[in-house]
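Each of the next two complexes has chain A plus one more chain, namely chain B in the first and chain C in the second.
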Partner chain A sequence: MMAAPDMRVERWTRRAQGFVVSLLLLALVLAFGPLLFSAGITDRLSELFVYVMLAVTWNLLAGYGGLVSVGQQAFFGLGAYLAVRLSAAGVSVYPALLLAGLMTGALALAIGEVMLRLEGGEFAIGMWVVAELAHLLVNLDPLVQGETGTSLIALDAFSAAARRADTYWAAFAAMVLLLVLVFAVLRGRLGTALQAIRDDEIAAASLGVRVLATKRVVFMLAAGGAALAGALWLATAITFQPHAYFSVQWTAYMIFMTLVGGLGTFEGPVIGAVLFFTVEWLFGASGVWYLIGLGAAALGFALFAPRGLWGAFTERFPERLLPLGYHVVGARAAAAAGGGEER
Partner chain B sequence: MIFLNQCLQGIFLGAYYALIACSLSFLFGVMRIINLAHGSLAVLAAFLLFVLADRYGLSPWLGLVLVIPVMAALGFLLQILVLERSLKGGLLVPLLSTFGLAIVIDNLLFQGFGADTRSLAPYIGDLSFASWSLSDDITVGQLDVIILAAAVALLGGLQLFLARTRLGRTIRATAEAPEIVGLIGIDARAVYALSTALAMALATVAGAFLALRATFNPYSGGMQLLFAFEAVVIGGFGSLWGTLIGGILLGVAQNLGAFVNPHGFLIAGHGFFLAILIARLYLGPRLARLRLARLRPRRPRPHAARPA
Partner chain C sequence: MARAESVLRADGLEKRFGALVVLDAVDFTVGCREAVGIVGPNGAGKTTLLNVLSGRNTPERGQILFAGEDVTGLDVAARCRLGIARSHQIPRPFGGMTVFENLLVAAEAGAGLRGPAATRRALETLALCGMLPRANRRAETLGLLDRKRLELARALATEPVLLLLDEIGAGLTDAEAQILVEIIAAIRAQGIAIVWIEHIVHVLVKVVGRLVCMDAGRVIADGAPDAVLRDAAVIDAYLGQAAHAASHG
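Presenting the complex of A and B:
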């Protein structure tokens, strides 16, 4: 790019700073959620936080790591299962949720050791096989009693109101933690390495990017996040029926949220999750047609707008409010043409 | 002897897997994409046959004559409307678009037919249970023998078609270098569309056999995709015959799993698949290059090299 005297490189623009301040204010309000909102709204918001976690972790894997998995329900289900197991073993219930997420993340390290050596569609379906196998093995546990399932009995010790508030806070804290963690990862060396791998794996390796090690970290993070989301979903639903957690529908939701919001952007999946949450609220009761609509939307966005709503938005307004990359001031034309300021 | 019978039934089951797998691997060989809607499309074909048999009293065998061209035309449309555009979008887009398509197909089928489990077995008379007894414990279903024969004939036919005919050579050339075949007067888009149509015709036969020998419902597609994929990976290296062997090994593994434990059928199948995968990834540099079945054995393409 030609150097011009009035060009400078910025990351945090004034508007971005203002945006972050307003985000913090929003977070502050949400932190007092159970005290401010009705019981129904509190429950719904807890679900929204789980959706955000699912969308963000799937996007980390596919949008940044280039790893499309149709088996993330494996981790969602294992997180919920381990939470039930740990709780039955005497671990107090909310720490058990976190522990279930961490343990699944560790387990993902072993799974990734094999699966990450697969490419493209082989990885995608291979993960689905892993999810099916995890489902079948969990069904064998006498505690789960096959498809009959079980429930997180330990939550009965809390009153309904206390349970609702605690679950809300747990989900909110987990979501914020995950968002901050993913943001930090993407802004750092690892994020740059990831995007290099996504764009061209062989070229990245030739530049000294440690491809497998980088994928490992992302896979583990995405698995742990999905597992934590599964454990939190269990806390909102209480009952654990394996087929409801190991259903490929969860991956369909993740793909919908990420694709519609914006694959490979930080903000996109969050927007997609809010949109999915709204759509579900409005049309979830219409059952099958609602699912057909979700599938059709995913298909349409994949074909005609693969960078989603947020991608379309940033093409028009290149300034990033949550900057992952750098912004060249005075080169708006070049940035708009290439959209290439995110490096 | 019961053990032997389980193995034998596994071989027959594997013939079905090989059939559903061969079109998946054929399409992957031509365009380098895995169609995640593959199983759902086979189940769609099964439902079309079911409607013809149930509502119009048409025998499934005659129904196939009608449904195969319809599904081939659908395949043509699938290529023009979905896959062609997806291919331009990079490596991820075909997976996302075909997954979205699978959700649409599954739920449309559910909307149209409800959750009931169906089968075509009631529409083929005695054939659904007629069998030959080889000994006290070993019986061979006549339908199973037909399916095995059809699988061998179709896989062999596809192999011959690709190896010997002019169109087969054209498809192979396009698979090898889609950008270059234009120079010798081949329209890669037309070849792709034709290949997808052919793959859908094969998937229709597979869907018919699924419906004839077992049961299906609107959400059966996902599992058929997994079985097809497992058969391809287990058979792995080399030709379409590898796919037949892969399908049979998968079927035998599943039946032996069921022999050991009532829950063992699927666990053994998935477990066997993963074991083969791990063995192939860690044993030997030659086997480490995991690839879906190629159209024929050949040297590795330059971009097939993977960084360690």
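Presenting the complex of A and C:
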């Protein structure tokens, strides 16, 4: 009856461990980026890191929590705005970026208190309203001067080369930190509870899951991550014009990257971000046709590969490179040995 | 029954949906380690009683004591963590997760277990319910019997003191229902109290030691299964219909 001695629950495979080692090597190379790459490449990679952060946070919310938001630009914009504000108040510029992310995460606790009581489409559209509201409120700040905007003037104190390298390192560190944090959250108790809520909220509650508290944690984490991404984007762009940051296009990018890469998989959004970044790099200058191409690609994936590139890949090769789940080894044998039913 | 021996005691429960009174001054007690069956015609208020006991619905009036503690104001999740677990009439699997992961959620959130203890609880419960061979299947790929078994196993993985079952046999063949009866008998043998709503009376009486019959929001009979099934009010309200329906195929 009891579990046979050879039954165990596996979380890492040898192949996954090998993959993590190669990821660490890649991270080691990327850590020396500004010393290895040209100025142009360094700048583009900083932007890629921001894209990865955006895709990963949106996927955390929608793919694992079932919280589909079209208003994540609220946090992207607030992160950039608070970074400008903190810098103007005398906080040195790079710590201000991190602080802006943390403060927006805290602010999301209050926003979530209202928004997380909404469900499905109401939550999605409600978040867009929050973003528009945040945009309007930020425009009222005399420092921002409405749509005229302002700049992260403190960055002028650095030479262009130093600024490029520091921003790269800040973005790289933030991305790695966020990826590790999200991975740890999803692999832990919170991750299983979150997926249960996504699949059936009523069933989750009836099994003792603290539904609202769980949603609150991931909402804050996703908001803080998007805000940090916004603050870092400000560091690459320097100018802050509210409409450029509070634009719904940011959430559209997040959705595109996540859907193409694979909603509800850890690896998918990272792949989606790299893909989107490459496409933008190659075709971004083609104007309208570029946008039409993006739209057509998103539509194609939604229709023919709803689980994205990584989802389609794992259907054929079930092994995960960064496994979040659990695999019971020897269950069939144990059931047979214990006289369990085999039907 | 002495108060100290009851695990659950509900007094004067009243539940309305608009003008409709679904529970009308219902008193209901479950003893420690006792298995109680609830029967009654459709619309009698059986599922609503289960919803009120589990915390899904809030009663307008009345009080619910669980292990001597007033739980009337607690939500579903809090009651589950205290030891009241339930299964749903229509199974609600976490489709995107594996069968094992479905149980792990219950062991972690409901029983408050961590790490290896949660893993062990999930595996032992899977073994008890005969679901080990399905451990790595995504729950959305399961058939009806397995969905029902998963629903039961998941509730059991929360380490309940009291298990509420809502028509877990509905839609199954006799052979399939027999598999569930064996599992539920094994659960009962562990000393877990059970409240079980079921229309298939001959399946129900194999496990329960007491039967409650409800009609129009009231308890109309309560006692030993034989006595309840012979009760004139029960035959009139419920079994007469059933016999009538059965005789016409």
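Structural remarks
One rule holds for everything that comes next: the second predicted complex is superposed on the first by the 317 of 343 C-alpha atoms of A that agree within 3 Å, B and C clash if a C-alpha of one lies under 4 Å from a C-alpha of the other, contacts with A are read in each partner's own complex, and residues count from 1 in each chain.
Just so we're on the same page, a contact is a pair of C-beta atoms (placed from the backbone, for glycine too) under 8 Å apart; a residue touches a chain by one contact, two chains touch by 3 or more.
Please read all numbers here as calculations on a predicted model, not as lab measurements.
Once chain A of one complex is fitted onto chain A of the other, the partner contacts of A:V129 are limited to chain B, with no touch recorded for chain C. When the shared chain is aligned, chain B and chain C each come close enough to touch A:I202. In the superposition on chain A, A:L86 contacts neither chain B nor chain C.
Touch criterion met: A:W289 reaches chain B, while chain C stays clear of it. Residue by residue along chain A, chain B and chain C are tallied for touches, and B comes out ahead. Once the two complexes are laid over each other on the shared chain, residue contacts for A:V211 go to chain B and to chain C alike. By the touch criterion defined above, A:R189 lies against chain C but remains apart from chain B after alignment on the C-alpha atoms of chain A. Judged by the document's definition of touching, chain A residues 202, 205-206, 211 lie at the interface with chain B and also at the interface with chain C. Across the interface of their complex, chain A is touched by residues 28, 33-34, 36, 82, 85-86, 89, 91-97, 99-104, 107-108, 110-111, 222, 225-226, 229-230, 233, 263, 266-267, 270-271, 273-274, 277-278, 281, 290, 292, 303, 305-307 of chain B. Put simply, chain A touches chain B in their complex at residues 62, 66, 68, 70, 114, 117-122, 124-126, 128-130, 132-133, 136-137, 139-140, 201-202, 205-206, 211, 248, 252, 255, 259, 263, 288-289, 291-292, 294-300, 302-304, 306. Residue ranges on chain A touching chain C, taken from their complex, read 1-3, 7, 9, 189, 192-193, 195-196, 198-200, 202-211, 264, 325-328, 331-332, 334-335, 338, 340-342. Contact residues on chain C toward chain A in their complex (touch as defined above): 54, 56, 75-77, 80-81, 85-86, 88, 92-98, 100-102, 104-106, 108-112, 114, 119-120, 123-124, 126-128, 130, 132-133, 135-136, 154-155, 158, 179.
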